Amino acid sequence: MARAVTQQRKIINTAAAWGIGLLIFFPILWTILTSFKTEAQAIADPPIFLAFDWTLENYAVVMERSNYMRFLWNSVIIAGGSTLLGILVAVPAAWSMAFVPSKRTKDILLWMLSTKMLPAVGVLYPIYLIFIKLGILDTRTGLVIVLMLMNLPIIVWMLYTYFREIPGEILEAARMDGATLKEEILYVLTPMAVPGIASTLLLNFILAWNEAFWTLNLTAVNAAPLTAFIASYSSPEGLFFAKLSAASTMAIAPILILGWFSQKQLVSGLTFGAVK
Amino acid sequence: MATQHSRSAARLMMAPAVVLLLGWMLVPLIMTLMFSFKKYLPLRGGDLGWVGFENYVRFVSSSAFWPSVVATLTIVGGVLLITVVFGVLLAILLNQPMWGQGVVRILVIAPFFVMPTVSALVWKNMFMDPVNGLLAHLWKFFGATPIEWLSQASLPSIVMIVSWQWLPFATLILLTAIQSLDSEQLEAAEMDGAPPLKRFGYITLPHLGRAITVVVLIQTIFLLAVFAEIFVTTGGAFGTRTLTYLIFQRVLESQNVGLGSAGGVYAIILANIVAIFLMRAVGKNLDA
Amino acid sequence: MSFKSALCAATAMTLVTAGGALAENLVIATVNNGDMIRMQGLTQDFTDKTGHTVEWVTLEENVLRQRVTTDIAAKGGSFDIMTIGMYETPIWGANGWLVALDDLSEEYDVDDILPAMAGGLSHDGTLYAAPFYGESSMIMYRTDLMEKAGLEMPTSPTWEFIREAAAAMTDRDNDINGICLRGKAGWGEGGAFITAMSNSFGARWFDEDWNAQFDTQPWKDTLEFYAGMMSESGPAGYATNGFNENLSLFQQGKCGMWIDATVAASFVTNPNDSEVADKVGFALAPNTGLGKNANWLWAWALAIPGGTQKEAAAKQFIEWATSKDYIELVAENEGWANVPPGARTSLYENPNYQAVPFAQMTLDSILSADPQNPTVDPVPYVGVQFAAIPEFAGIATEVSQEFSAVYAGQQSVDEALAKAQALTNDAMEAAGYR
């Protein structure tokens, strides 16, 4: 460092960043707080910030009413399965685009992204009919496939950009040493791309976790994930803010915790090739 | 390096992804095209035969069509503007030395983990409600008349909710880019007496060009499809009916699949116009 | 599986089969309202009695509607029983999508179902869905505020009286709004209210040739009266208020009057949630002297989609959930005020239930609604706050969005009616009526 930052400037930075950080986080914090209130306290006028009778009743009600673990498990399987499957399909494609580029590589990449622009609701009936025919309505398999296809363009793109950062000489050196294509991908490329693959995994896990159109419309009982869980609390007759907050907290907590633990990974890998 | 052998191997490895996506695109696309030329009413017995371009004419001549295109572009444009501008500022701030940087970073990216449905419900019920919402209490505290967010400022409200969700994404990517900025260059400029604004304009911003391109491109894809936020908050009232929402109304609320499919074709056209425009404007930055 | 447990399972299978009824697992789609949640808690009673188990898919009303409609139209077979309303039942019944409920058991006593409900859930005289609970709408008002204003609520007031009373009760400084009404867009929200209200003003959706009627004077009168009254005495932001928003306002003591679903009566009189539980009075929905009150008629009902493999078990469940015994079961567990109302005549003859303060007014409201003749002038459709045709939900949602824009001050009554007229006629043309 050429110059020490003054203490004063550091204090200002800290105050500003914490202020803005808390402001952005506040809606989530408020939801979590509300989940510990009674329904009457949740709409109290003026609003109560902390000085209320903390209660776990809302969580008890939600746990009793819904099979939370099943929704959670379905979310994990669907989001995890679609992401892993997507990476399996995308790694070879991204590899070949990055290391054996052709004139059409850019076009193919942009075309892949453009497949995400078809409005989902327009094809609800066709997809629904196909799902019935294949017998995969309300199965996790069906959703894993759909969400994998939905996120595949993003996965391919992310991986492609990481692979491009890897200098081709290293691969050539490996080839000189007699490595086969399989070995090259497995032992040379993959270890180098681990940060990229990890953040691709994370980002797509989040996107799949939060997907709420197909997961809601193609499931009933067996495969319904947390998005369906939320739909059973969203606006019933009567007062519901506190219970909704509890359900919301339960729906976002797992992914929030995962995100917090892995945020370093996410930050370092989430470049989309934007860093040069 | 690219031998004939590796070229064909490359094609082979690309094949699964390309074939899958081709199927995923073509099957629905062909079905959408087919339905759009049919009178298809599920509640009246389903397929009632071919009708030519009737659905296309009807969809585009409905008084809801142009306002919905405008609403779509307003939301996409508004959110992009807010997330990019505030994303850059936040990224610069978060890159400064401070205490508790890790924790602040977590606080800032947290909204990205929240399901769109949940965030829309939280904003609508607990913040924007004109009587019981926190914002209404805040306004009253300062002696002002609370704003009726979702009716009187409906589009800005939705832009605000969606921006809250996507700001973390923009910030993250821009932060990663800023971290790779050569700090010596900045310091040299500072030594030379360049004011902060100039340093930002001549060094930081050009460096962020690629990252901004990526943010704009990825977000546009997701923003064109914004749905849950509108479904939960206004249900398409007060001028917040986007093209996606209009198609939803035609397909599911009116149960007119043919008409909705024609709308779907228009939506694809709009998305491609936006995409071409984006490519022209920022595509060079991509260097793919 | 060990040999022993396999043998046990086989024996159990034989026993169940021999008993005549295979134990089935029923998948039931339902709405997340309080009465249904209560039913989920009591399902064990059904399992004990029949051996069948039940899995619930509980969804918010709008999501449920799109989910079950897609499934039944595509013949997806995801559900064995669907919770649907008075709007869907006749349409789906006419399409032959539902199993007719014409062979229910003797002890079920199908004739005990309130005739208005049975009528609304039938097509061509055949019952296609059994009402779980039914509702009309009525006035709920604050007796203390009414007294303070020096007024007395008649049993069947006129709109003029309501408007005057609302103005008299309004006290902006103390955050009291004379009247709270639904203004939220959506055919089942503000759309339902304004349609029921328009009936009392002599308006109608369609004439007998399916021409939209928004260019007629009664509609203009309705909207102008509503918007005028609400700007004088309604709460801030009423253009986005639906059932829930108004319920919270009323329970917090911020409304003098509220005209809404009769089921709300049990919420506003419940001291656990309501600050005004002991100060609520009830009256019939208002009129203008033309012979129709501004109340609607609705039922949440259970229906079996055609093609299910589990028809017999599904019927058993419907008989259980909508039976007199079930009402008794709820009364035992939760008290009489919490039983599902509005479905059976015998409930209103039960002295235990007659002691509930809102019971009689609920029944009177239900009896005064007539889905077969909902309007002053004749109409080609059935339904009070809706027209039971497949296109209605879509059209009415768009129309109510135009109306909500009026409430929010974004357009004039005339503009909204002109747009409503155009879009309704356009949609009816697309559907082939005109």
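To keep things simple, chains are lettered A, B and C as they appear, and every chain counts its residues starting from 1.
Keep in mind that, in the parts below, a residue touches a chain if its C-beta (ideal position, glycine included) is under 8 Å from a C-beta of that chain, and two chains touch if they have at least 3 such contacts.
Just so we're clear, the structure is a prediction, and the values are computed from it rather than from any experiment.
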{"item": "Two chains sharing the most contacts, counting C-beta pairs only", "value": "A-B"}
{"item": "Most remote chain, CA-based centroid, reference being chain A", "value": "C"}
{"item": "Whole-Å separation of chain centres (CA-atom averages), chain A against chain C", "value": "38"}
{"item": "Centre-to-centre distance between chain B and chain A (centres being mean Cα positions), rounded to whole Å", "value": "16"}
{"item": "Where chain A touches two or more other chains, by residue", "value": "43, 45, 124-125, 231, 234-235"}
{"item": "Set of chain B residues in contact with two or more other chains", "value": "42, 132, 252"}
{"item": "Multi-partner residues of chain C (each touching 2 or more other chains)", "value": "66, 70, 73-74, 248, 252"}
{"item": "Touching residues (chain side chain A, partner chain B) in the complex", "value": "2-3, 5, 9-10, 13-14, 16-18, 20-22, 24-25, 27-28, 30-31, 34, 43, 45-47, 89-90, 92-93, 95-97, 99-100, 102, 105-106, 108-110, 112-127, 130, 149, 152-154, 156, 168, 171-172, 181, 206, 209-210, 212-213, 226-227, 230-231, 234-235, 241, 244-245, 248, 251-252, 255-256, 259-260, 263-264, 266-268, 270-276"}
{"item": "Of chain B, residues touching chain C in the complex", "value": "41-46, 58, 62-64, 129-132, 145-146, 148, 150-152, 231, 234-239, 241, 249-250, 252-256, 259"}
{"item": "Chain B-facing residues of chain C, complex", "value": "62, 66, 69-70, 73-74, 91, 95, 184-186, 235-237, 239-240, 245, 248-249, 252, 254, 390-391, 393-395, 397-398, 400-401, 404-405, 407-410, 419, 422-423, 426-427, 430-431"}
{"item": "List of chain C residues in touch with chain A within their complex", "value": "27, 29, 31-34, 37, 40-41, 55, 57-61, 63, 66-67, 70-71, 73-79, 243-244, 247-248, 251-252, 261, 263-264, 267, 273"}
{"item": "Interface residues, chain A side, partner chain C - complex", "value": "39-40, 43, 45, 64-66, 124-125, 128-129, 131-132, 137-138, 216-217, 220-221, 224, 228, 231-240"}
